[in-house]
Amino acid sequence: MDFYLNLINTIGIHTMLGLSAYLLLQTGQLSLAQAGFFAVGAYTAAILTVIFQWNIIPAVLAAMLLAGFLAFLVGFPALRVKGLMLVVATIAFSEFVRMFFYNLKWRVTRDGEEIGPDGTMGFAEIRYFSDNGWSNLDVTLFLWTFVIIIMVVVWWSDNTRAGAVLRAVGEDELAASSVGINLTIIKVSAMTVGGFIAGLSGGLYAHQVTSLDHHSFTVLLGTFAIAYPILGGLSNVFGTLVAVIFIQGLLVEGLRFIGDWRMILFGLLIVLAMNFKPLGLFDKQTVSMVKRAMRLKT
Amino acid sequence: MDEFFFEVVEITQSVWDGILFGSTYALIGIGFTLIFGAMGKLNMAYAGAAIAGAYVGLAVSMLFDAPIILVFVASALVSTMMGYLIYQTCFRFIPTHNHLAALMASVGGLFLIDEVIVHATRGSPLNFPAIFEDAYFEMGPFGIRGDLLFVFFIGLVSTVVLLYVLFRTRLGIATRAVAQQDVAAQLCGINVHNTNSITFSIAGLLGGIAGAMTAAAVGVLSPVMILPLTIKGLIVTVIGGLGSIPGAIIAGLFVGGLENLFLYVRGIDERDMYVVALLFIFLVFRPNGLFSKTITRD
Amino acid sequence: MKHLSKLIGASLLLIALSIPQSVISADRSVKVLGWGAKSGPLKSFGVNSEAALRSAVAEINSAGGVRMGDGSMAPMEVVSYEDSACKKDEAIAILRKTASTTDAIVGMGTTCSGVCQAMFGVLQKKVEDTSDSGVQMPILADTCIRPGLAKISEWAFRNVPNEITMYDELFKWLRTAYPNVKTFTGGSETDQGHSFITYTAIIVQMAVKHGFEWVGPSVPELGPKVKQGMKELQSAAKSQHWLMGDTNYTVQARKIKKQNADMVIVASHPFSACGFMKEMKRQRIKPKLLVGLTSSASQETLNGCMSAAEGIIIPTGFAPLTAEAKKANKIVANAGGFLDLHSAAAWENAFLVKRAVERAAIMGRSDTLQQDRRNFRNALASISSSKGLIGPVTRDGASGEASKPYVYVQVVNGKWKVIHDPSS
Amino acid sequence: MLKIKSISKHFGGVKALNGLDLEVEEGVIYGVIGPNGSGKSTLINVICGIFPPNKGDVIFQGQSLSGKPTHQRSKTGIARTFQNIRLFPSLTVWQNLWVARNSVEDINTESRFYRWFGKSNIVKKEIKEMLEFSNLENRADELASSLAFGEQRRLELARAVATKPRILLLDEPAAGMNKDEIRDLDSRIRNLQLQGITIILIEHVMELVMGVTDRIAVLNFGSKIAEGNPQEIQKNEAVQEAYLGYSEDD
């Protein structure tokens, strides 16, 4: 059981990470900076709970705010560029963040033990959950409340005018601006909200793995962040969830028993998925298909 | 004064080495730029294919203890093939307008190549035959590595050849035609798929040379090189200006030199931090790169 | 909405099916479950350790197996050997899976320090502390050599040499063996926690302690005590370090060349150690002595740069000296792995488990599993010394740390050759 | 209403607009005609602020628009359609109109949050009218990309109107239409005029222009060669000359 809960937690965290990129992708912006915001969230929340001994909830919320604010600041310059330029600009940003934490040393001594981030040695013993006797089930419930809140909010706003505007900007910036949409505001807000979500998931991640170091926040993480929504399809939020279950659940955990062929299959399946479902595993076609199936049943 | 002179010598020397080494980045950059110019898409699997080529070249040299030049030829040929395969698997069947899917597919390709290499070699670093390892020219306080000169030279030659092919031969003209206006090109009886796959193959060829040269310059071949090389390649492509071959070359040398400068002055921990920070600023204030000869479809 | 929940439910079910369920065989056996990196650049770790563990277990069983609590003999069984890809999240997943879905009494993995740091953090910190909801599963890691990891949890044990004494002895011996070596310098890879910390906190300090003169960038605090001036050293020597993925070592090599030391220390994993030593060769840097990091005392270094590594001296926890070491080496080689300081630990761990099981009087029934694990853990903690492949391993139960014997090996004509055994 | 003050716009060596002056009174339908490449579309793009002019200024309701980005100009009441239709293909017809609700009135009538995340009855009502106006009522939930060509034109017009413009710039709205559709378009345009929207109509299709407009300016090589009511223009020999050998249904 414990193991499945752990898997569900991982899925939850990655779903949030994916959703943070989902919003930005709707506006047509391909950003690999999510890894950076995730890292900021993770370290902030961990520092707050470990060094300042905050409660977890304010800690992750603070992490969320900080990451969001950072995203807001980065948004203005970054969104002046588009397409590949933006990809690389955001890679640059997240690498910068990674390097920052890689150099970050902040050791304090508590009852004889040195704790806190220790540069390249990483940041060990972020044991808030187990120190406070949280069972893995508690963690899952706690974590998924956030996941569900975020999913609901994003799903709901997808069907509001705001959601329509995001997509409109993504499809045709010129037309959008000539019906009076302020592109900068839209893009920056998308970036900021993305930052909030990424920061939150980072904060939760830190306590899930109990140990952070710069290896966890490489470009690969950023790639995964955009991979989920792309692989799942941008038609709605559940695409991202499906993609996360596909990657984290099936490819990473489910195929573990085939040993070292697993990671080979991993790449192969992504290639195939994109060839056969270029609009995502959970694209409109799938949705309508599933809908039809349901209608037949009920 | 004497101390000052020493520093000057050292810094010049470091930058110079960096510039020579940058020629490998430049070649990778050219590959990215070619493909981007032709399709307006990003082939993330490119550097992976390059290194894979080098591996096969190495295998050849191990099996029939072939002369070093043959190693280069082999790796060039192999990654030419891989370039073609990548086009067929990750781009050919994905709708042209769907950039995200193609990007994701090539990321999958990257994972696949990477893992296949690991599977074949257990990820162990392998000794790569160096070219003129003993050619180390000392000129007064300065020293120059013969093999790097050779690398530099090969880089220049292949660039010149490439430019000739692109701007003087019918094939090159067709490629550029497709790059600028695929529909029109099709109407003129150019088969877009053929041209694209040729572009990928040419890029692959360069990649093979680049991979082999990098391996020869380091003297060791290991899978941990792939990701850094990919990122450097992207950075170079962007600084050079998308689709600009001379841009990519200059950017490659520039990045190489800069790296060593920062390394010398600020040390390893901050080297990459400054490089990416610079890149970010560069992107924001000169969004079109050094040579903004962007040839993309939109 | 409905269809969606069903869809998710379905896929979760699919996963559940695709994951091997808890293996509970009717006949009694001592079950262990191992994991290590079987994919990714560090694949060699997992492959070698798996080969070592499995063949060691086979050895034990052919010798009659393990004596259980009721005196009967039962075979030892490796439930499976998972691929943790040297990634935190995956290792934690495997750990929890082992603890919750299998009846293995001990988890045996892994080799990557960063991963152990995370896994141990998930475990319960103090055994008797009921307020701590951490996982209660004994872990016996093959290496995870980064200093002070096992103290993170009382459930965590590892089988490593004590690096401090190891390098202490090394330089003590070098001092006498190479009297004409006076000065030294070196570099390390800063993105690999273990390499970097060992280099700055231990290797350099020990060299200084034994009278070698540091001729690298000036470090006022540098002294004969461990960790002395570590921070100063780290900041002063910045520009002669590198990263694991680097391709260009010209600057670092030249700096070291300028310092023209008798002894050069290359403290990094084979990936970059090879690149750097090749660069040294190109720049004609020929120190009287080349000293390496224990992680490089492996086949990979020979694959990567046999000729450039010629003459490098490295302390290691394994070398085929003794009879059983030779024997083990052959067996593991036949099983398709290499026995090196990492995988040798896995081999020894199998025998350590045997001893602990016999001491703990394990019943090996599924109903007594939790108790068995606890007893096993206590027994393991109470073992103060065990028999290693190249000599007795002293263990400190309280901290879960071990102190393996070690020897000094050197690359001579492209082969690892034992040049000194401090215990003899 | 709208004053074009000696606007010049160069692309490299090409003078797309060359010191052009126009004045459009409130409430009129103002035609702009001229051979291909005479700078008609450039004029629209300059008015909408997509191209900054090299020289000159655009005065709208007495205030200069220079330096104002496109979206602000739209808020001041300038709307447009595109020569090559630019809808939001993956949004439904309804959403296409919904997105366009950025007019000052909308902003003032609804709270910011509600405007972005709510769906008020006013919105529903007005969009419904909009759909009826462009008789797309029964296609409201179709994707814009699935519409027929004519419908897409109508939707684009409706989307422009949905921004509640004071002045509406139509860039060759009749291109590729058959006679009936053109007649239909004609009545739509008049209808808009009745709603008090000033209209600048750029068109090649003479029967439409001559029929519907109150006043016409003729451009050639970026400058105005004639202005007047349709009858005058038809007589003007400068125009004849410019159009020599120019076929209407081109």
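The chains carry the letters A, B, C and D, assigned in the order they are written, with residues numbered from 1 in each.
Definition applied: a contact is a pair of C-beta atoms (placed from the backbone, for glycine too) under 8 Å apart; a residue touches a chain by one contact, two chains touch by 3 or more.
No experiment lies behind these values; they were computed from the predicted model shown.
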Legend entry - Path length in steps (a step moves to a chain that is touched) from subunit B to subunit D: 2
Legend entry - Innermost chain by mean C-alpha position: A
Inset, instruction - Please indicate which chain is farthest from subunit C, where distance is taken between mean Cα coordinates of the chains. - result: D
Legend entry - Whole-Å gap separating subunit A and subunit C, where each centre is the average of the chain's CA atoms: 32
Legend entry - Centroid distance [mean C-alpha coordinates] between subunit D and subunit C, Å: 73
Inset, instruction - Go ahead and note the Å separation of the Cα centroids belonging to subunit B and subunit C. - result: 36
Legend entry - Contacts with two or more other chains, residues of subunit D listed in rising order: none
Inset, instruction - Any chance you could list the residues of subunit C touching two or more other chains? - result: 39-40, 43, 47, 190
Legend entry - Contacts with 2+ other chains: residues of subunit A: 102, 260, 263
Legend entry - Listing of all chain pairs that touch each other, if any do: A-B, A-C, A-D, B-C
Legend entry - Complex interface listing, subunit A residues touching subunit D: 157, 160-162, 164-165, 167-168, 171-172, 174-183
Legend entry - Of subunit C, residues touching subunit B in the complex: 39-44, 47, 190, 235, 238-239, 241-248, 250-252, 254, 258, 270-271, 274-275, 278-279, 281-284, 299-300, 303-308
Legend entry - Complex interface listing, subunit C residues touching subunit A: 2-4, 6-8, 11-12, 14-16, 18-20, 38-40, 43, 46-47, 80, 82-83, 85, 88-90, 92-94, 96-97, 99-101, 114, 117-118, 121-122, 124-125, 131-135, 146, 152, 190-193, 196-197
Legend entry - Touching residues (chain side subunit A, partner subunit B) in the complex: 25, 30, 77-78, 80-81, 83-85, 87-89, 91-93, 95-96, 99-100, 102-103, 218-220, 223, 226-227, 230-231, 260-261, 263-264, 266-271, 273-275, 278-279
Inset, instruction - Note which residues of subunit B are touching subunit A in the complex, please. - result: 36, 42, 89-90, 93-95, 98-105, 107-116, 118-119, 227, 231, 234-235, 237-238, 242, 269-270, 272-273, 276-277, 279-280, 283-284, 287, 296
